[in-house]
């Protein structure tokens, strides 16, 4: 029941904060958000399951009961974690707390509503990463959109309405497409499943029990469903060319929201891809290796090139996220322990690093009130700590050894080079590695222009070191990035354990 | 059916006799057209304004009440017709009486409500009018 | 159960039998002749009641002599008046609503005459006896209201309009007590057929010293009878309920603008209406044409004339009510009493039976 | 009490199965009684409390019956009363649940709405009488009772819509509602007469056995079509939907909520029973394919309602059109029936959707009542920035809007899902597809309200003087209900489907 | 005995007259009268077929239809009265403060 408790506590915290007075809301929210952090760490410490939750492995902290009976398919309340979801759970709780703390400075109006929504979003994210019934999962999945919509729309920048609507429409349509695709799949399974529990569906699918539905035969149905769900999740990831909502959302969103968006929400997409497409339908995935890997590589290169062309620091980080998520997809489609496991690890790593980057940009913005590369230079003189962490984070992004980013990218490349799903995989991997060069280029370029060199700043604001509560989350994140880089096995072991069952049987 | 033929016959006669009288009268009576006597009668004064005057709203209230109650009598009559024979055939008293008592009771509640709310009050007393005005003010 | 005074053969059939006709043709011919007879019976009675009896009675109340010049007891005044009224010029005022203005006066006698179709008058003078006789009588007599409002509206006269409205208001206010009270009789009879209602009243109620009192509903339920007569009085618009044509307030109400034959028709209709009211009351409460010694039709005539005399007495002896008092009595008094009567009757019948 | 027994034949239960109906009716009479005792100074509080207590009591009794299994298969099947004219079964109780809870919310909300109005007792009494009629509609087992109870529900509604008689919009709304209502009731009555002409009975079961192999198929078909028309009016479906936007916009907002949820549900209640019981799919002649009629109506209704709603500038009117769209969804309950299909599931899903709809839609209209109470305007622009002035109510409204749109975290999602799912299960996946597309479209206009309230800047300062207790309580109650129907949807849908299955 | 089809024809004719009135009249009161015609068309059927089928259901229901028609008129005339007060007309097409 620990998972329910975690979600419930977070929901309650959201409620309490929502009605709390504005002055205390931020501190209250931060204090309350420590509870889920402790809970998730305790779960991590107590974790004793093995295998993939969907493929017959044991499930930690499992609860399962019938939520409602509907026709032939019962809907369950079914939650639990395995090696894939637990690291994401920990990431979510930690990043939420840090994001809330980092919001103290920039958010200056309607605070209680802001923090309430942040906690509400966190609660739903916990649900997304723990739910093992399609229906419960989908409810949480969609419920994340609502607070995000408000967070961007109410507290965002000047163009926030457009960004919020764009985000909302993109992701909702994507969800609808995905939902229809998946439901069609479930109908295709017919009587071979009695509920929408993901393990049941995954095992039935891998056992080849799919039938036809709505005039489609089994194979076509499976492909159609795969494409539909892939598209639905790809919007969330996002991959090019479905990424156009992301830069708008990031630029307009306030920093803490960007942190959550890049750090956790994008991972929902890759997590879902892993759970649904790559776990349940490996045969289709391997058949479609070329387009998928192609999309991944295009995302990597195209995202990186776009980042190179940006003047806005936040846009640079945002596009670099598109690029990074491309690696994840490449790793997933490789179908090797290191590929899939590395992709999963990269989700965590990228979550921490991109959070760090957005936060650092935010801290600089809080002081300078600009994010344009050309508007400032030599900031490091006045804000040495922030600049130092920023640089460290950027190196992490570039894949500097002993940082988490290195571990993730290394695992992915290792896995995808060795991939046997398609003879062209090494080619794709090589092309994607070229992305690293570009990343290094644009990050170095941006830091060179803003942080170093002679100090100059046109604005009327005084540039001083940021307050401790702004810098502290940065430091914590940097510490985590380094810890994970040094000891990737904190998570990688359980990830590998959960990933391995995917790679055997079921059409592979 | 024959009784309705007879009734129809009486209907014809009942129209025929007045029409016959009108015919006789038309043959007998003089016709001296003159503008003055065609004037609308208003006690010898020159008629003023239209004859379609606004009248007391209570007429409308009464009409509404009538509409309801008169039609309810339609529902009462079937009951009265079977009441006694139902009793004779051994149907329990309450079974036949109770529904109509409830029905009449509801009607009476409606009537008393209308009464208390002045639907059948032809002239509102000045006192009541003043109270109304004060409350609305 | 055949009442001794009641011929079971309806009048049209009797006539058809006398003429030797049968089938539909016989029914139609018989019906027309029967209807003509009944209509003329009523016309004769009205002729006596209207121009002559009414004046005599009023005169008696006010200690005058009234019509006595033409014929014995001035009876020929009836003919004189008829000719006089029919030969008057028909003045049609300006701005009347023509079809309405013309149709109104037709409706009043039509309605009253039609009501008589179902009244058993004794000695086989009973035009038709449908199962729904009682409600038919009420329905037919209600048509008159339509004529009244047409006259009031069509006359293009303020007095007429108010008179028409008042007529409607009074008719509808007292029609419900009337009908509900009649319903309390139906609770006893269990039928709406007039012949059956009459027949049931010939049953003996009780015998006192060898005199058998029949089960007239006036004896069985005197309260209902009183209510019915009062409501009936209001229905026919006679004192104390003659607000629709209150001469001191609104000249002559809806009849203000009518002259010549139209006036005759209205007048005729009102008197037949009084007789119809009496006839329904007699049928429901006084055993219809029943009575000792004399033939049924004579008894029936006596009863309806009794009611007529009662209205004329009231006209002379009772002051007129104000319209608000009039409606108050109707809605707050008569209606509640009639419902109480119905409920009580039902309970009593239920407990006794 | 033994005197009050219905003595038709041995073993027939007491008419106490009608307790909810009687409670509602008696409460209406008591309200009139209160108004009789103090005609000039009727206390708004006393009236509101009385009506709320009455409707909640009725709700409680209904819920108790439903839980205890009154009239359901497990306790001996439906209870028929008064010579089969009324039937108390799970379905009627389920719908009664909707009516009573909506009535309770509406009367509580009306407490504040009516503060400045005259003739309050009449208002409450009419609401309760209409609710009484609705419960009877759910119980009607004969075309006669169906018609009479439909009118008992409609006639007070006409008066309620035109209640603000100084307000031109209200009167106009009342007029249009009344005119179309009168026509459709005439059409309905004529349809009943035609069915009676072909079958010689009005009891559903007898009609069903009589229409099987009926010779006058043409007359029967026209009759059935006309009956469809009568229901289309009550449920605000095409082709008798014209009144709905006008009536909902012009009527006092609590009444709009009442009509668009309870009254609509009542229309569906009686439509379900009439078509399932009186014209069962297996028995009707081939020429009388009412399922096809409902399929056309469902698709046209939901599409028309949604597209029209998307073009509105006034929030209340948008809700009115969206209510038409929801009628289209609920019509799937009849459109997706087939001989031998999982009909109970389909019908039950539609019923469950109506229950959820009762909460979210009533809540939305009550929020509008709240806004009207504050004197804020009616267009989307007028709602700008409302969330900063009244965050709690705005949260509730957001819940209603997203739930109406069918976003997952709210009750509306599950009910729509259940509806579409059962349609697919019955083989009508194209109906579900049309529904899903419409549902996605509806997010556009619902989110406009949310966007206006939360994201847009207020045009001017709001003068939100008071926080009316009754309205707030009702809105919050509806909001919590909408939320709780997400986790608590299980019992609802199971009850609905099991009681619906009992019909077949 | 009159064949039942004739009743159907008669009632259909009355119904159509009512419908025609509804479609062509703009006066609210005439509209009401047309509705009454339609209801009475139903009554014709009900009573006629009550006779044909030999049960009383139709007649009884006819009484209810009458009662309901009266109630409907009572409310309707009330609304029309208020309409007249607010719009100075009983033309149903004049009342257009809202878009149709």
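Which chain is which? They are A, B, C, D and E, in the order written, and residues in each are numbered from 1.
Rule of thumb we're sticking to: a contact is a pair of C-beta atoms (placed from the backbone, for glycine too) under 8 Å apart; a residue touches a chain by one contact, two chains touch by 3 or more.
Per UniProt, the chains are A = NuoM family protein; B = NADH-quinone oxidoreductase subunit A; C = NADH-quinone oxidoreductase subunit H; D = NADH-quinone oxidoreductase subunit N; E = NADH-quinone oxidoreductase subunit NuoK.
Nothing here was measured: the structure is a model prediction, and the numbers come from that model.
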{"item": "Set of chains adjacent to chain A (NuoM family protein) and to chain C", "value": "none"}
{"item": "Required steps from chain D to chain E (each step between touching chains, minimum)", "value": "1"}
{"item": "Centroid-based (C-alpha) most distant chain relative to chain C", "value": "A"}
{"item": "Geometric centre: closest chain by C-alpha means", "value": "D"}
{"item": "Whole-Å gap between the CA centroids of chain C and chain D", "value": "51"}
{"item": "Distance from the mean Cα position of chain C to that of chain B, given in whole angstrom", "value": "16"}
{"item": "Inter-chain centre distance, chain A (NuoM family protein) versus chain D - centres from mean C-alpha coordinates, in Å", "value": "43"}
{"item": "Inter-centroid spacing, chain E versus chain C (mean Cα positions, whole Å)", "value": "32"}
{"item": "Touching two or more other chains - residues of chain E", "value": "60, 64, 71, 78"}
{"item": "Residues within chain C bordering two or more other chains", "value": "none"}
{"item": "Per-residue overlap in chain A (NuoM family protein), given as positions that touch at least 2 other chains", "value": "none"}
{"item": "Interchain pairs in contact, sorted by label", "value": "A-D, B-C, B-D, B-E, D-E"}
{"item": "In the complex, chain D residues that touch chain A (NuoM family protein)", "value": "342, 345, 349, 387-388, 391-392, 395, 398, 402, 407-409, 413-414, 418, 421-422, 424-425, 429, 436, 440, 443, 447, 451, 454-456, 486-487, 489-491, 493-494, 497"}
{"item": "Interface residues, chain B side, partner chain C - complex", "value": "2-15, 17-19, 21-22, 24-26, 28-32, 37-43, 51-53, 55, 58-59, 62-63, 65-66, 69-70, 73, 76-77, 80-85, 87-88, 93, 96-97, 100-101, 104, 107-108, 111, 115, 120-123"}
{"item": "Chain D-touching residues of chain B, taken from the complex the two chains share", "value": "92, 94-95, 98, 106, 109-110, 112-113, 116-118, 131-132, 135-136"}
{"item": "Touch list for chain A (NuoM family protein) against partner chain D, complex", "value": "18-19, 66-73, 75, 110, 113, 124, 138-143, 145-146, 150, 153-154, 160-161, 164-165, 168, 172-173, 176, 180, 183, 187, 214"}
{"item": "Partner chain E, residues of chain D touching it in the complex", "value": "143-144, 147-148, 151, 155, 158-159, 162, 165-166, 168-169, 171-176, 178-179, 182-183, 185-187, 189-190, 192-194, 196-197, 200-202, 219, 242, 245-246, 249-250, 317"}
